[in-house]
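Data first, discussion second: the structure below is written as structure tokens.
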Amino acid sequence: MPFSSFLQFIVSGVTVGATYGLTALGFTMIFNTTGIINFAQGEFVMLGGMLAVFSMKWGGLPLPVAVPLSVLLVTAMGVGVDRLTIRPMRGKPAVSLVIVTIGVSILLRGGAMLIFGKDTHALPPFSEGAAIPLGGASLLPQSIWVVGITLAVLVAMKVFFDRTITGKAMLACACDRKAASLMGINVDVMVTVSFAFSALVGALGGVILAPITLTAYDVGILLGLKGFAACILGGLGNPFGAVAGGLIIGVLESLGAGFLSSGYKDAIAFVILLALLFLRPSGLFGKASADRV
Amino acid sequence: MEGMKLFSAALLGGALLLGGGAFAAEPIRIGAIFSVTGPAAFLGEPERNTAKMLEDEINKGGGLLGRKIEVVVYDDESDPTKAVTAVDRLIKKDKVVAIIGPSTTGSTLAIAPKVEEGKVPLVSCAAAIDIVSPVRRFVFKTPQSDVLAVKQIYRHAKKNGISKVAILTASDAFGSAGRKELKELAEKSGVAVVADEVFGPKDTDMNAQLTKIKGTAAQAIVCWGTNPGPAVIARNRKQLGISMPLYMSHGVASNKFIELAGKENAEGILLPAGRLIVDEQVAEKHPQKKLLTKYAKEYEARFKTPVSSFGGYAFDALSLVAQAIKSGKSAEPAAIRDSLEKTKGFWATTGEFTFTPSDHNGLTEDAFVMVRITKGGWEMLK
Amino acid sequence: MSSNRGKGSAAGLAAFAAIIAAAPFLLPDYYQSVLIVAGLFAILSMGLNLLMGYAGQISLGHAAFYGLSAYASGILTTTFHWPVPAGIAAGVVLSGVTAALIGIPTLKLKGHYLAMGTLGFGVIVYIVFNEAVGLTAGPSGLTGIPRLSAFGKTFSTDREYYFVVWGTAFVLFVLARNLVRSRMGRALRAIHTSESAASVLGIDVARYKAFVFVLSAVYAGIAGALYAHFVTFVSPGSFSFHASIQIVTMVVLGGMASLWGAVAGAVFLTVLPEWLRAIEDYDILVYGAILVLTMRFLPGGLAEGAERARGTLVSAFRRKSPASAAAASGAEGRKP
Amino acid sequence: MSGSEPFFAGEGITLRFGGVTALRDVAFSVSKGTVHAMIGPNGAGKTSLFNVITGLYEPDAGAIRFSGKSLTGLPPHAVAQSGIVRTFQNLEIFTNMSVLENVVTGAHLSVKYGPLDFFLRTPRYFREERRLREEARAELSFVGLDADVSLPAAQLPFGSQRMLEIARALAAHPRLLLLDEPAAGLNIRETSALGELIRRIVARGVTVVMVEHDMALVMDISDRVTVLNYGEVLADGTPAEVQRNPAVVAAYLGEEA
């Protein structure tokens, strides 16, 4: 296998992996403030792409307007999901909350299917131009957008957690919700913020990837599952680990399809997930402290 | 008192309704099972739409044997289990005289024993050859078998001096059926399969597979799948600057594919397709010409989405059943079956059907034409 | 009190058996296949309820155990010509053993690691069903699986098969009920509320969780093998993530920690779509709405709903006929 | 280890959470048939010590010996099997069960039937279940909870829930019973009943170790007191000795101030 092929696998892997990473980031944010796994996370990704497509198709909006609009709409939906389904369930066992998020994901997916139909759609790339040759591999301009926006999100998050009161409060919630509320942090608000944030990064992931990979009402399931695997890989609750986990899974999938078997490519993320659960449940970058009974 | 009056009025009304029903001829009930939702919805939705459209049209034209028809559609949600319960309901409760669909091979094979047992003819809209081979007494199908499509591709490739191909198939029922035929027919057609890659039907990136293929001796790529996978492949191929010819299956023969892949990425792709997609280029005097133009126009006007060959399968299935009822002058299941088997030279959207006791698909290779995508449109090759 | 409950439950079981015996004769013919499918789901959701409702552990990959057994029995009886009962036994054992391999390491951990492990496992199994074409016949599905035959008898009609499935469901119901009302049932419920408190009372939490997980996989395996020899065809689509969620929905709707609920949830969600043909495109929404609304307003599911309805009816009846109520239960009748 | 080994002994127990040392080199021993109190300001590590003893936490160093056997590193259920049972400071009642079922669950280890017995409902199953219920009722009346035993446990008032937890622990037939702040949240009358109950428990031959803040109760019923402060043993002796210990007085006054 020539080096250029290897490079190509890395390039494609990083592009797709960035979306897994953004999805994983969404899982992590909500897990940190609520302790639950939000199975509707993949649907935020789907909605990001679909709403952008349809604001162009039905609303006649140009791409630079449609994209931020779609991300904003999904963010608002994230808040709605929290207010309507999660907040009324406060104090209920985690099992119930997990089931509720599964229900919400079905509702969002079903709603998208009924409103937008079952067809697949394409979003135009953010910037025109042919593929850029790169040491024998080729790189789509959109890939640069994907990686750039992912990095920007990471930087913005770092600043948010380190420099703002809300960010610090969220970290406090992540450490100990009870203590945080005793210290006068409004946990409810923090949960809502985390849902908004997760929806936002999810929608961003969906909208930047849609020009490369197309979108449809049901793309959220697989993206959600893989994002979830990425989030465990990075250590549940660790935002930077989540993005790193996504990139690792993306690259491994691409290499796996290239060198092993393209048929089992989708299994790679989940084999990693199982191996981690068996061998190192705290994830690659987590604190090694998964409680044993 | 008031209640009593109301009651007797209701009783009277009910009696009138019942009586009325008994006097007018009962509609002929035809069952349909389509995967309207679930992963196979891309098949089931156009099929359901088409069946409903054709039902209206037949009724507007006075129905069959002086009776209206009623198409009872159930959604199997792409799940064979649901198809099994639906077929029981169609046969035992709705008492249908024939069934069209299901959309998928799995559902068809799952219900085949049931229709055989219930002695109701089934005209499936699923592609696999296993449905009619070996022949089941009551089971027919309308789509061209993959064998025919594969033969067309290999013949075209051979003619253009291609002897080594890479195959890239979807890991779903459609793709794996194609993969099987592509591998089996290769040697006989004088073509060698030098790379055998697959992709998940929901995969978003095929660069890895294509990069791998690029490194082999393949002279052409044959891709087998339904949207969106092949569209992603068309895009990735362009991105990687792969210049060898790309063949697709009839599974993408709809304008939707060009839209998804993007005009410039779809340029030059070759595929076998039913004439439906190139209806305007079909010679005026071709027996399918009028039929195809009318179906395509009406479908697109009514449902506001591009017509696909999948809807055509349901069109053909219902037309075949209607034709069998007319020619056999009976709407009894057994009579319909016998009459179906005698179908000869019946032109429908997919091709010319001639059923025999040993052939329940009844199409020839002529059902397909080779088509090239040119400037965002379809060009029929001679 | 306890003896009362014993009698009540015996009466309940007798009624259950009577309904099972009578249903195919009371309902129209075309319900038979629906009821068979409902019976298979009842077995699945009983098993999952032992795990989810009693022990409080979520499995998001239960369709994998269902499918493993269906495929194993299907392949062994078709490709390798095993007798059907041997195929079924092998399928069930396979499901159980696989569950042990997945469950033992993940259940040692606190938290929802089982949910994560089973979710990943479910996806992997689904991919294997699709890709191991030589063995499973791939996405097109495995055809020609024989109908169940045992003791020289082939259960070829739906009515015969109905009794096989529901007879099995009944036996499994009784066994599950016996488990729930034993030392082990109490241990599981203890684990559900507080793993720490359970463990300091001497309950080996990890072992019990693993046992009930394996048991629930065995239930799924039984349902899977019976499925294969009913439909005589298996394809990967029936065992996807969506199917796992469907089983979870049945448990949730029926009522966590209620075996009656598990049966009711399964029957309801299988039969309901038969009545709701009109909403066919919307039924995807129905599943979602059921999950959200049940959790929010009726966390005990149908079982709790029935309990509440009975309470309301009883009090409404008492209010309507104060004379009889007063006669029946003197002072207790009228409280403000 | 010369001569007679103590009934229960902890040696050099050290427990760290990340950078924080919750317990440092804690050593103490308990004689059979006594009431041994653990006192100390909040955060002194008393509950952590209980968690280490019962196997919920694994100590970073140290050894625990109980009637001649080492318990170090055993999982909680194995510790329970050896005869040590505890209650919790923040009640851990099984809220999804009735009062009676809670206590029956406590008797988990004493049940003498296997899976076959309960799956097939053999006579042994019925015999054992009857015995369990009778014993559970006896334990409930022993702690003074004669009320409706079929009531959901969550509906009991707080004080009764404390008693329920003790009954549940007693149903496990412990040889050493650990009570974590049994008087917290109880009123004066309930507290004095608790003191009397603990005496009756000891009279049954059960050794009691309790973490408690109620000094009156501690001084009244304890045979020996260990004082913890910042994760270390500050003092150890009879109630009277401990009360006179200047370091203890300082620690408590320091906390109060």
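So that you can tell them apart, the chains are marked A, B, C and D in the order they are listed, and the count of residues begins at 1 in each.
Note that in this section contacts are C-beta pairs under 8 Å (C-beta built on N, C-alpha and C of every residue); 3 or more make two chains touch, one makes a residue touch a chain.
On a predicted model such as this, the values are computed, not experimentally measured, just so you know.
*Asks:* What is the chain whose Cα centre is as far as it gets from that of chain A?
*Replies:* Checked the centroid distances; the maximum from chain A is D.
*Asks:* Specify the chain pair with the maximum number of C-beta contact pairs.
*Replies:* A-C
*Asks:* What chain is most central when centres are computed from CA atoms?
*Replies:* C
*Asks:* Could you tell me the distance, in whole angstrom, between the mean C-alpha positions of chain A and chain C?
*Replies:* 33
*Asks:* So, what's the distance in Å between the C-alpha centres of chain D and chain B?
*Replies:* Those two chain centres are 72 Å apart.
*Asks:* Centre to centre, by mean C-alpha position, how many angstrom separate chain A and chain D?
*Replies:* Computed from C-alpha means, the inter-chain centre distance equals 46 Å.
*Asks:* Compute the distance, rounded to whole Å, between the mean C-alpha positions of chain A and chain B.
*Replies:* Here the centre of chain B sits 37 Å away from the centre of chain A.
*Asks:* Which chain A residues sit where two or more other chains touch them?
*Replies:* Expected reply: 113, 221, 263, 266, 293.
*Asks:* Do you know which chain D residues sit against two or more other chains?
*Replies:* 75-76
*Asks:* Using the touch rule from the top of the page, what residues of chain C touch 2 or more other chains?
*Replies:* Expected reply: 130-131, 199, 205, 281, 284.
*Asks:* Residue numbers of chain B touching chain A in their complex, please.
*Replies:* For chain B paired with chain A, touching residues are 37, 39, 41-42, 45, 171, 197-200, 202-205, 207-209, 211-212, 214-215, 227-228, 231-232, 235, 238-241, 256, 259-260, 262, 305.
*Asks:* Show me the residue ranges of chain D that touch chain C in the complex, using the header's touch definition.
*Replies:* 54-56, 75-77, 79-81, 85-86, 88, 92-97, 101, 104-106, 108-109, 111, 113, 115, 118-121, 125, 129, 133, 150, 168-169, 172
*Asks:* Using the touch rule from the top, collect the residues of chain A that touch chain B in their complex.
*Replies:* 1-2, 5, 8-9, 11-13, 15-16, 113, 117-122, 131, 138, 140, 209, 212-214, 216, 218-219, 221-222, 253-255, 257-258, 262-263, 265-266
*Asks:* Please output the residues of chain B touching chain C within their complex, sorted ascending.
*Replies:* Checking each residue of chain B against chain C gives 36-39, 74-75, 77-82, 84-85, 88-89, 91-93, 105-106, 109-110, 113, 128, 130, 171-173, 175-177, 198.
*Asks:* If you look only at chain C, which of its residues touch chain D in the complex?
*Replies:* 1-2, 175, 178-179, 181-184, 186-187, 189-190, 192-194, 196-205, 257
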